[in-house]
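There are two complexes below, and they share chain A, which is joined by chain B in the first and by chain C in the second.
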Partner chain A sequence: MPKVIENVGCPYCGCSCDDVRVTVSDDGKDILEVENVCAIGTEIFKHGCSKDRIKLPRMRQPDGSMKDISYEEAIDWTARHLLKAKKPLMYGFGSTNCEGQAAAARVMEIAGGMLDNCATICHGPSFLAIFDNGYPTCTLGEVKNRADVIVYWGSNPAHAHPRHMSRYSIFPRGFFTGKGQKKRTVIVIDPRFTDTANVADYHLQIKQGHDYELFNAFRMVIQGHGNDLPDEVAGVKKEQILEVAEIMKNARFGTVFFGMGLTHSDGRNHNIDIAISLTRDLNKVSKWTIMAMRGHYNITGPGVVWSWTFGFPYCLDLTKQNHAHMNPGETSSVDMAMRDEVDMFINIGTDAGAHFPIPAVKHLKKHPWVTIDPSINMASEISDLHIPVCICGVDVGGIVYRMDNVPIQFRKVIEPPEGVMDDETLLNKIADRMEELKAKGEA
Partner chain B sequence: MSELIIKNGYVFDPISGLKGDKADISVKDGKIVDKVSNKAEVIDAAGKTVMAGGVDIHCHVAGPKVNLGREMRPEDKFFRGEYRGGILKQGKRMEMGFSIPSTWKTGYAYARMGYTFTNEAAMPPLLAPHVHEEFRDTPILDQAAMPVFGNNWFCFEYIKNKELENNAAYIAWLLNATKGIGIKVVNPGGTEAWAWGENCTTINDPVPYFDITPAEIVKGLIEANEYLGLPHSVHIHGNNLGNPGNYKDTIDTLKLAEGTKAKNKFGREQVLHNTHLQFHSYKGTSWADFESGAKEVMDYVNSNKNITVDIGQVTLDETTTMTADGPFEYHLNQLNHIKWANVDVELETGSGIVPYIYDKNIKVCGIQWAIGLEIGLYAKDLMRVHITTDHPNAGPFTRYPRVIKWLMSQKAREATLDTMKWKDKVIAASNIASMDRELGLYDIAMMTRAGPAKALGLSSIYSLTKGADANIAIYNLDANKLPSDPELIEAAFQNTAYTLKEGVVVVKDGQIVAEPPKYTLWTKVNMPENAQVMHDIKEKFSRNYTVNLENYAVFDEHVHNARAIELDVA
Partner chain C sequence: MTANKTLNMITQRAVEEGIAMEIGKTSKQYFDACSIIEMNEQDMKELGIMRNTNVRVKSESGEVVVKATVGRQACYPGLCHIRQGVWANQVVPPRTQSTGAPQYSGFPVTVEPAPNDKLKTALELVQGAVGLWKGD
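And now, the complex of A and B:
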């Protein structure tokens, strides 16, 4: 008899939906059906029970081929190389549960290395802005239950976060928002006419890279200097700016959702900084919150876990071993790789092979490279060692943090392929092995 | 079987009535016992002071807002106190942060001060798994957390409809779901109002859209607490915190407990614990004529036995304020204009975070400092007045030894007053300069372990009575010859000679030497399931929450070493 498992978390985007229904086969090994999930989510579950899952670590041979080795050998090899390296880097964590991220912190503290997550190439600028200006935010249920004005700025949930609008923001009927979309005003600020812009009440087609100016214009209006605006700012007409600012001021509860359109265009962290300032201004006349549209289902996790462990969310330098240091630009993965400072690389739960600039990859490739990932990807294919692990949310559970910092408890739905370890177990074994080697004086 | 005996120390244990007598404390298998065999390991405590492990009744050490504070304040990592320039690693993990230390530093630093239990003061129920993850990563310390109820939509409705049993059943359900210890209330009604940018500044301000007042919320929760007979009482941070003139609102809040008697099997006598009283004892009409209201508030506290309080002492440091009182943090930010974080949590609560510098050269900060100490010095029954800094709000918990020094030494108070730019104004606005009371070690034992343990209903675990956990602090202080230099008192309380956790020496000469298992304490109410309440819960989850009900309660595997305090309700 197939079994239905409900309340399953989707290990794909930052919405971290927890209402997926999965039907699994009698023997608990196959996924027969996945419901409530959008198309991208389905793929992950399908992959989980595919027959081509890698079940053993694979070590590159002198002739370039990959040969299966035992987990024990892989753990020993990784531990020894970590201890030998002066500045090893572990990077990734886009699809790792928090238990794995905590174990990774332990590994890199013992190794005395660098530890970083994908924020370094996506929402790192948001962290910089938060360091300077704070973060007036809320949980997504507040938006659902209260918000009457929604702003999507430089983000396109219709593609990147497919159920964001239906579960949390525009469409749901909440406690004070019983009329759903009818009573909400949706403002999209984007140079492109996206599918999200298509459902908006207002689309401000801003000139690419001029976000900071438009934020400034809104701040002027909110602070009472609307008359001083020029006829057009960042490609948007004064009348339209005044009209939209008026809507913002009169909101009962408003939220700004911002995405990589802001963190990756001119201005970067300054865009986020001024977005926060605008939110602060708006709180003098109304109630407003702001939220980063974090990409992956647990990419918020490492920032949370490492903040309680070390006090910094990313770009961690643990080489001193008795205290941590963070200085994005100096201690950020891509910058270090571009300067060829890293002498061992562990790619975990992401694909640096695909996402890093080619010169950075070339530098990293000169040194031992380990990929810890359930699947074959570009990183695994250029690795010296590929260690397969369980897929969080499919064959291992654990805690993940949704984009609004709400912890969601993910469930395991099928048994992992025989012998495959989860990230936490694997990493703790690597840490234990390093401690053993150190105690024996072999490092 | 492991045996240990602590010999010849001056033992202060108000729960068992030891007032500094020379006594031996015997430990067997992690518990306090009457006697041990002659094979027992001996710790020589001659010339030293022995107390039960410290109990912190109110601090913010784990969870979402503490951690957002860490995340948004990289600069807090530059302040490493005496460790500036690099902490020498003592335990298994590195120690980071000053006002909002990492979980590892939190565990180690409390243990070095002789503390073995902390009560996290505000757990947003929806975010409970986060609190428990941090507990797992906080070494040595036993920990508990209080879920917040003062702005919870379920409670609003049950209280408004006078459904005591349903309210109690919901509370019991939520304690179980979040693995919480008791009922916390923060700015009742005011934080819900803040979701619309408003506030409730008196106990009679109506909560927008909910047709209820803070007074009704507090009374309803006290009633439910005593109906259930929970180990701890309602633990309140009342309305109008931090504003001149609020001492009247504080007395109004305390009066809500009048006529109610504690009903429980844990030895607790109070029905209301008012936390960080310092922030609630302000006179004056503005910051210009701001002055101490400690006398008025403490007169009330002294004459009402069903109330306990903790101080919330300002330590004159740069720190990070954080509270579920969202509107307060917003207003604080309007004063200092530094960075501001806010987190409103659906159906339940909110919070705010603002860095703050208690500068001894600012008059108001000096007066706040004086008010906290006055609260301790006016107290008649020190079992009911506990030392806290509302960590990290009025200062970091690592300053408890300094607070103890100020309470024990007028000379130390005068020395601090002398460093203040507006000393005269501080003296004029308070009574601190005229108070010559100096507390003794027995007083301090009441304020830092016996009192809080009793108020939490945990004195059978956290004391030196037979059967209690052998959590013990041994300080380098000769009770018969206290040092005349107050700095030495502070130093002695900063780093113990020994701290024991369940009979294991975890600190020796101020150094972490072991990291044995620790517990998560929570309150398990055994009562029949309430069909109406379960129905209401299901409905709210399907309509208003964004997390499914089945994923809301913390899974057992995410609760670290759970230890339930059980009670039955028919």
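And now, the complex of A and C:
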């Protein structure tokens, strides 16, 4: 009899939906059906039970081809290269459970290297602004149950977080929001007329890269200087700014969701900084909160795990081994790559090959490159060693932090392919091997 | 008609790209989803670009050939968008304003018609950049 597993977590975006229903086959090896999941999540579960999964580590040969090797050989190779390297970098963790992230911290502490996660090219600037200016946030449950005004600024959940609007922000009927979408006002601020803008009540088509000015304009209005606004700010008409500011002031409970539109544009952390200041201003007249639209289902995880192990969420310099240090710009992955400072690169649970600017990839590729990932991707196809692992949420469980910092226990739904290790086991074995080599004096 | 034009480029996620990425970055779906540029019709007219023909995009850090489309999520004149992924990252400048985050949104690119140039696959672009590409 096929078995139905309820309340499964989805390992795709920062929504970390935990209401997925998965039907698995008798032998627990095949996924027959997935429900309550978006188009992207469906593909992850489909991929999880694919027969084409990589089952053994692959080492690049002198002729450029890849040859299967054993896990023991792969672990030994990685451990030896980590100990040999002066400044190795381990980067990724968007798709790794918190247990794996803790084990990675152990590896890099022994190796004396750099540890960074995808936030570095994503919501890293948000961290900087949060350090400077605080973070008046809430949980997604509060948004669902209380919020009557929703602002999406520089984010496009219709594409990047497909169930965010239906599960948390716009459409659901909550405790104080019984009429759902009918009683909510949705404001989208984006240079493109996105599919999210299409469902919004107000779309402010801002000039790309001019977010700071528009935030400033809103702050002026909230603080009572609306009449002094010029006719147009950042491509948005004064009347429209005044109208939307009025809606914000009269909200019972509002939330600003911000995304890559702010963190990737000129200004970076300063855009977030002023967004937080606007939230603070709005809290003088109403109740407002702000939340980063974190990208991956557990990209909040490394920030949390490493903050309580080392005191910093990303861009960690562990080269001193007995104390950690963080200074984005100096210790961030792309910057280090561009200065050619790292002499070994481990890409884990992400794809730097596809998502780093290509000049950074070229620099990193000058040195040994290990990819730890269940799938074939651009990083695996240029790496010297590719080690396959289990997929968190599909064939291994673990703790996952949702975008609002709520921890969720993910479960495994099928058995992993025979012999394939999970991230935590693999990384701990690498750490053990390094300790062994050090004790023998081989490093 | 002008030979080329400087536009402001951004690169962000699209659901088609997300689905294709999970199918696999070497898949046809990923190629179809990501090797396109979305731009305003007015800019296309000025450059004499027909829909679904190839264009060359150049920035301070590289160049790439992609297919020109208007796309459902409209850009205003002067703005263009290549979905995040391998093709976009051929031109994204790695400068980070000391924050670690590269300039994915808002950098100048010149766009010119290149109807006879071929699109490269993801693997050819990435392996080619690091000297591992061996041809089909």
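Methods note: the second predicted complex is superposed on the first by the 443 of 443 C-alpha atoms of A that agree within 3 Å, B and C clash if a C-alpha of one lies under 4 Å from a C-alpha of the other, contacts with A are read in each partner's own complex, and residues count from 1 in each chain.
Going forward, a residue touches a chain if its C-beta (ideal position, glycine included) is under 8 Å from a C-beta of that chain, and two chains touch if they have at least 3 such contacts.
Model, not experiment: these values are computed from the prediction.
K.L.:
A:359 contacts which: chain B (first), chain C (second), both, neither?
P.N.:
It touches chain C, and chain B stays clear.
K.L.:
Contact-wise, after the overlay, does A:286 reach chain B, chain C, both or neither (first, second, both, neither)?
P.N.:
It touches chain B, and chain C stays clear.
K.L.:
Applying the touch criterion given at the start, work out whether A:419 contacts chain B, chain C, both or neither, answering first, second, both or neither.
P.N.:
neither
K.L.:
Could you tell me if A:2 is touching chain B, chain C, both of them or neither one (first, second, both, neither)?
P.N.:
A:2: touches no partner chain.
K.L.:
Should A:131 be classified as contacting the first partner (chain B), the second (chain C), both, or neither?
P.N.:
first
K.L.:
Is A:28 contacted by the first partner chain B, the second partner chain C, both or neither?
P.N.:
It touches nothing on chain B or chain C.
K.L.:
Could you please specify the touching residues of chain C with respect to chain A in the complex?
P.N.:
Of all residues in chain C, those touching chain A are 8, 10, 12-15, 18-19, 22-26, 61-62, 72-76, 79, 81, 84-86, 89-90, 92-94, 96-106, 122-123, 125-127, 129-130, 132, 134.
K.L.:
How about chain A: which of its residues touch chain B in the complex?
P.N.:
My answer: residues 6-7, 9, 18-19, 98, 102, 106, 109, 127, 130-142, 144-146, 167-168, 174-176, 252-253, 280, 283, 286-287, 289, 303-305, 307-313, 318, 320-324, 326, 397, 399, 401, 405-409.
K.L.:
Give every residue of chain B touching chain A within the complex, in rising order.
P.N.:
62, 64, 66-68, 70-74, 76-77, 80, 86-89, 93-97, 100-104, 126-127, 129-130, 133-134, 137, 153, 194-197, 209, 330, 333, 339-347, 350, 353-354, 543-548, 550-551, 554-555, 557-558
K.L.:
Along chain A, where are the residues that touch chain C in the complex?
P.N.:
12, 39-40, 43-44, 47, 64, 116, 120-122, 124-125, 128, 156, 158-160, 162, 191-195, 205, 208-209, 260-261, 263-269, 314-315, 328-329, 332-335, 337-338, 351, 353-362, 365, 375-378, 381-382
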